[in-house]
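Heads up, the next two complexes both have subunit A, just with different partners, subunit B and then subunit C.
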Partner chain A sequence: MRLLNAIHIDITFQFRHGFYYVYLFISVLYLLILFNLQQGIRETITLLLLFIDTTMLGFFFIGAIVLLEKGQNILQSLFVTPLRLSEYIIAKVISLSILAMASALIIVTPIHLSIINFPVLLFGLWLSVIFFTLFGLIIAARSQNVNDYFAKALGLGLVASLPLAQYLHIFSTPLFYVLPTRATLILLEAAVKPTGLLHIIYAFICLLVWNSLAAFLAYRYFYRHVLVGTGAL
Partner chain B sequence: MINVQNLLFTYSGNAEPTLQGLDFTIAKGEIFGFLGPSGAGKSTTIKILIGILKNYQGQVTVLNRELRRINADYYESIGVAFEFPNLYSKFTALENLRFFSKLYKGPTTNPLDLLTMVGLETDQNTRIAEFSKGMKMRLNFCRSLLNNPDLLFLDEPTSGQDPVNLRKIKDIILEQKSKGTTVCITTHDMHVADSLCDRVAFIVDGKIALVDSPRALKLQHGSRMVRVEYRDKGSLKNKDYSLDSLATNQDFQNLLSSFPVETIHTQEATLEDIFIKTTGRKLQ
Partner chain C sequence: MKKIMALALADIKNITRDSTLILVLFGTVVLYIMVWFLIPLLSALLLDKLVFNLADYYLLIICFFSLIPPLLFGMITGFIILEERDEEIITFIAVTPVRKTGYLAYKLSISMAAAITSFYVLAYTNSLAHIPLLYSFFPAIMIAMETPITALLIASFAENKVEGMAFGKLAGIMFLAPFIYYFVPSHWKYLAGILPPFWVTGTFFTAGSNISLYWLYTVIGLLIHGLVLAVLLKIFINSQR
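Right after this comes the complex of A and B.
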């Protein structure tokens, strides 16, 4: 019940701060671009936009949300209520997942006929959104302001995006398989073209491992750098 | 209600402990004030009492629970209002209180009743971004009362309030006390401490320099004298007399019968005087 209320608060907060309008605007913009692309390239670009929109955009939004909350000193009030830190984190992950997955469903419409494995697409994207939200929380916990966050997030985001080089046939190395984003791209591709089961299993395990690590670190960093610092007494 | 024994706390990375062995108890229904300059250890003490810092040494028992072992359920029983307003700025006053009240399992007070109590009922549908600092402070104070806490922690609760609202806040705190709520206040304002607190503790350099009731402290540290201010041929004059022999002091009796007396005050110390005398430091 408390978790549901926390999710409700988060969704209302995101709505009031215009995040839903931004997502809607971006999704519609993407849609217009995609509908004007030729059939052959449409799938590649759709998957690319899905990757950027649902994963990276959430990564930047979570930073903005947490820093807005920090700026309004809301965290001070939240952490002296029975709300658990874990519930706070889960509420952020779920509320942003809803937004990101709704946006993904809009973006995917131009290629819906090409999708051969919808569950893999949705579940893969969802795990990726969770990872980037947690990753954003880790960085936000240690950031003083929005500029600080974006400087850190941009650098780390670029590293995380390296597997895109393989997706775009620019550069490839087995080291990419260590990164969660390689797993995301494998699952996105598996949604539109036949992919070996082992590859899919690897991708899910990779994302689950990264998500577990990110959840552990998000909790730990939030406790150390935000919760303990709570209070201006 | 609160029992603290030999409380030591060192922040990671610091060589010296911030709290160097505090001992105090606070009884149920008591209003207890923590006074001290910034950096004295006041905020660390409160952070431990509200369960945020758990890696302390010593014993800290609140509501019969050792705080090292509490979980977030502890917050069902306590209310905390920090000095700086901390609410959702794009939500209205009522929305803020409703959201926060939903985080509690137990019964909560009707947000509208709380808003009425602090004179914000007509602003219930106004977004916080449009509130003045004083209004935000009062709303924040309401938030801390939502869950009918057994124990209330208030940081500078009267800061930024005009005299009318200051009176309201003080009356609510006294009403909470009369219902049996224990209240811990941190403040720089000696008048607030003097008029509200049953006892005060002066914290300096991580130690409690003094604990007692404001009245006892003022009597102990003041001089047993009375000062009479009177008019003599149009000019204001004053004279001091010892309290001990006042009834038989002929000079005092003569002054009362010969001159128009304007004020008579005993010369007990003020809390600020005591603080400076005890610690050698100013409060602000």
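Right after this comes the complex of A and C.
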């Protein structure tokens, strides 16, 4: 119940700050563009948009959200209530992933005929959105302001995006398989073209492992660098 | 001059304290690395494997890349202004002889200078494509003006950083303008003319080839940029406490 309330409040907050309008607008814009692309290139671009926009949605916004709450001393009041840190983090992740998935559902409509494995697409995306939101929380916990967050997020985000090179057939190395984003791209591709079961299983395990690690680190960093500072302990 | 120096000194202190400067440098360097090395590499690979000639799109790529620094610097400046407003720093500066207009003029001109510099370096150190130097002045001015446009879009409308992010995301739509100009064949594309970068793209593709059209795009472009900037400035000045 507490968790549901927290999610509800987060969604209301995001709605009030225009996230839903902005994403509705952007998703529809993407839709118009994708419908005007040729059949052959449409899938590639759609999956690319899902990767760089949808999965990174939480990564983009979470920094500013946490820094705002920190700056307005909201966290101090929040954590004297029975709300637990884990619930706070889960609410952030769930609320942002709802927005991301809604936007994803709009963006995939132009290629819905070519999708052969919808559950893989959905779960792959969802796990990736969760990963990037947690990743953002880790960075945000140690950032001074939005530009500071940007700088760190840009650097780490670029490293995370390296497997795009393999997706675009520029360069590939087995090392990419260590990164969660390689798994994301495998699952996105598996949605539109036949992929070996082993690859799909690897991708899900890879994302789950990274998500657990990110969740653990997000909790720890938040506890150490944010909570201790608020005096709410 | 002394007043400006004081502001600059405060900024330098701030920049070394956090990673803003790293962000500016890093973002620009990544861009340079892409046009210097990655695009030629990608181009060779595409030609080899898919018989797709990326060289046809070099001018479009350079145009698109030229628009990234003003948006990046604009967002950074926008967030610095939001941050300083939250910390009431603007209120303090407003009562000094610098006044709020001085503060704004300073912030925006620094980021515009950075955008012009990065444009010229990007446009004339790459081996892919460039517009004749003679015709580069007005596109450069327009590109520079996009920095304060982005910054003010964030600083004027956003109540706080979170809304700033949402407006920043929205400002990203301006990136679509070059592609609309290039790929939409019908006259409907001129609807995208409300996006300032549309006209920058126009000058890129007419410089040196269709001079009368180049001047038409330049005049309209400068008017649109000036108009958008003037409106945003007015909103920002009036909306502040």
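Going forward, the second predicted complex is superposed on the first by the 230 of 233 C-alpha atoms of A that agree within 3 Å, B and C clash if a C-alpha of one lies under 4 Å from a C-alpha of the other, contacts with A are read in each partner's own complex, and residues count from 1 in each chain.
By definition in this document, a contact is a pair of C-beta atoms (placed from the backbone, for glycine too) under 8 Å apart; a residue touches a chain by one contact, two chains touch by 3 or more.
These numbers come from a predicted model, not from an experiment.
Participant: Using the superposition on subunit A, tell me whether subunit B and subunit C clash or fit.
Facilitator: Superposition result for subunit B and subunit C: fit.
Participant: Let me test your reading of the model: by the given contact rule, A:V80 touches which partner, first (subunit B), second (subunit C), both or neither?
Facilitator: So A:V80 only meets subunit B here.
Participant: Contacts for A:H17 in the overlay, against subunit B (first) and subunit C (second): which applies, first, second, both or neither?
Facilitator: The answer is both, since A:H17 touches subunit B and subunit C.
Participant: From the CA centre of subunit A, what is the angle out to the CA centres of subunit B and subunit C, nearest 10°?
Facilitator: Between subunit B and subunit C, as viewed from subunit A: 90 degrees.
Participant: Contact-wise, after the overlay, does A:S212 reach subunit B, subunit C, both or neither (first, second, both, neither)?
Facilitator: The answer is neither, since A:S212 touches no partner chain.
Participant: In the superposed arrangement, which partner chain does A:S172 touch: subunit B (first), subunit C (second), both, or neither?
Facilitator: neither
Participant: For A:T109, decide between first (touching subunit B), second (touching subunit C), both and neither.
Facilitator: Neither partner.
Participant: Between subunit B (first) and subunit C (second), which does A:I9 come into contact with in this model arrangement: first, second, both, or neither?
Facilitator: Touch partner of A:I9: subunit B, not subunit C.
Participant: Taking the superposition on A as described, I'd like to know which of subunit B and subunit C A:K152 touches: first, second, both or neither.
Facilitator: second
Participant: Looking at the superposed set of three chains, what is the minimum CA distance between subunit B and subunit C in Å?
Facilitator: Least C-alpha distance after superposition: 8 Å.
Participant: Residue overlap on subunit A between the subunit B contact set and the subunit C contact set?
Facilitator: 13, 17
Participant: State the interface residues of subunit A toward subunit B in the complex, per the touch definition above.
Facilitator: Listed in rising order, the residues are 2, 5-6, 8-9, 12-13, 16-17, 72-84, 227-228, 230-233.
Participant: Within their complex, state which residues of subunit B touch subunit A.
Facilitator: Residues of subunit B touching subunit A: 42-43, 46-47, 50, 52-53, 71-73, 75-76, 78, 80, 82-91, 95, 99-100, 102-105, 140, 143, 155, 186.
Participant: Enumerate the contact residues on subunit C facing subunit A in the complex.
Facilitator: Contact set of subunit C toward subunit A: 17-20, 22-23, 26-27, 30, 41-42, 45, 49, 75-76, 79-80, 82-83, 86, 159-167, 169-170, 173, 176.
Participant: Taking the touch rule as given, give the residues of subunit A at its contact with subunit C in the complex, in rising order.
Facilitator: For this pair, the touching residues of subunit A are 13, 17-19, 22, 25-26, 29, 33, 60-61, 64-65, 67-68, 71, 144-148, 150-152, 154-155, 158, 168-170.
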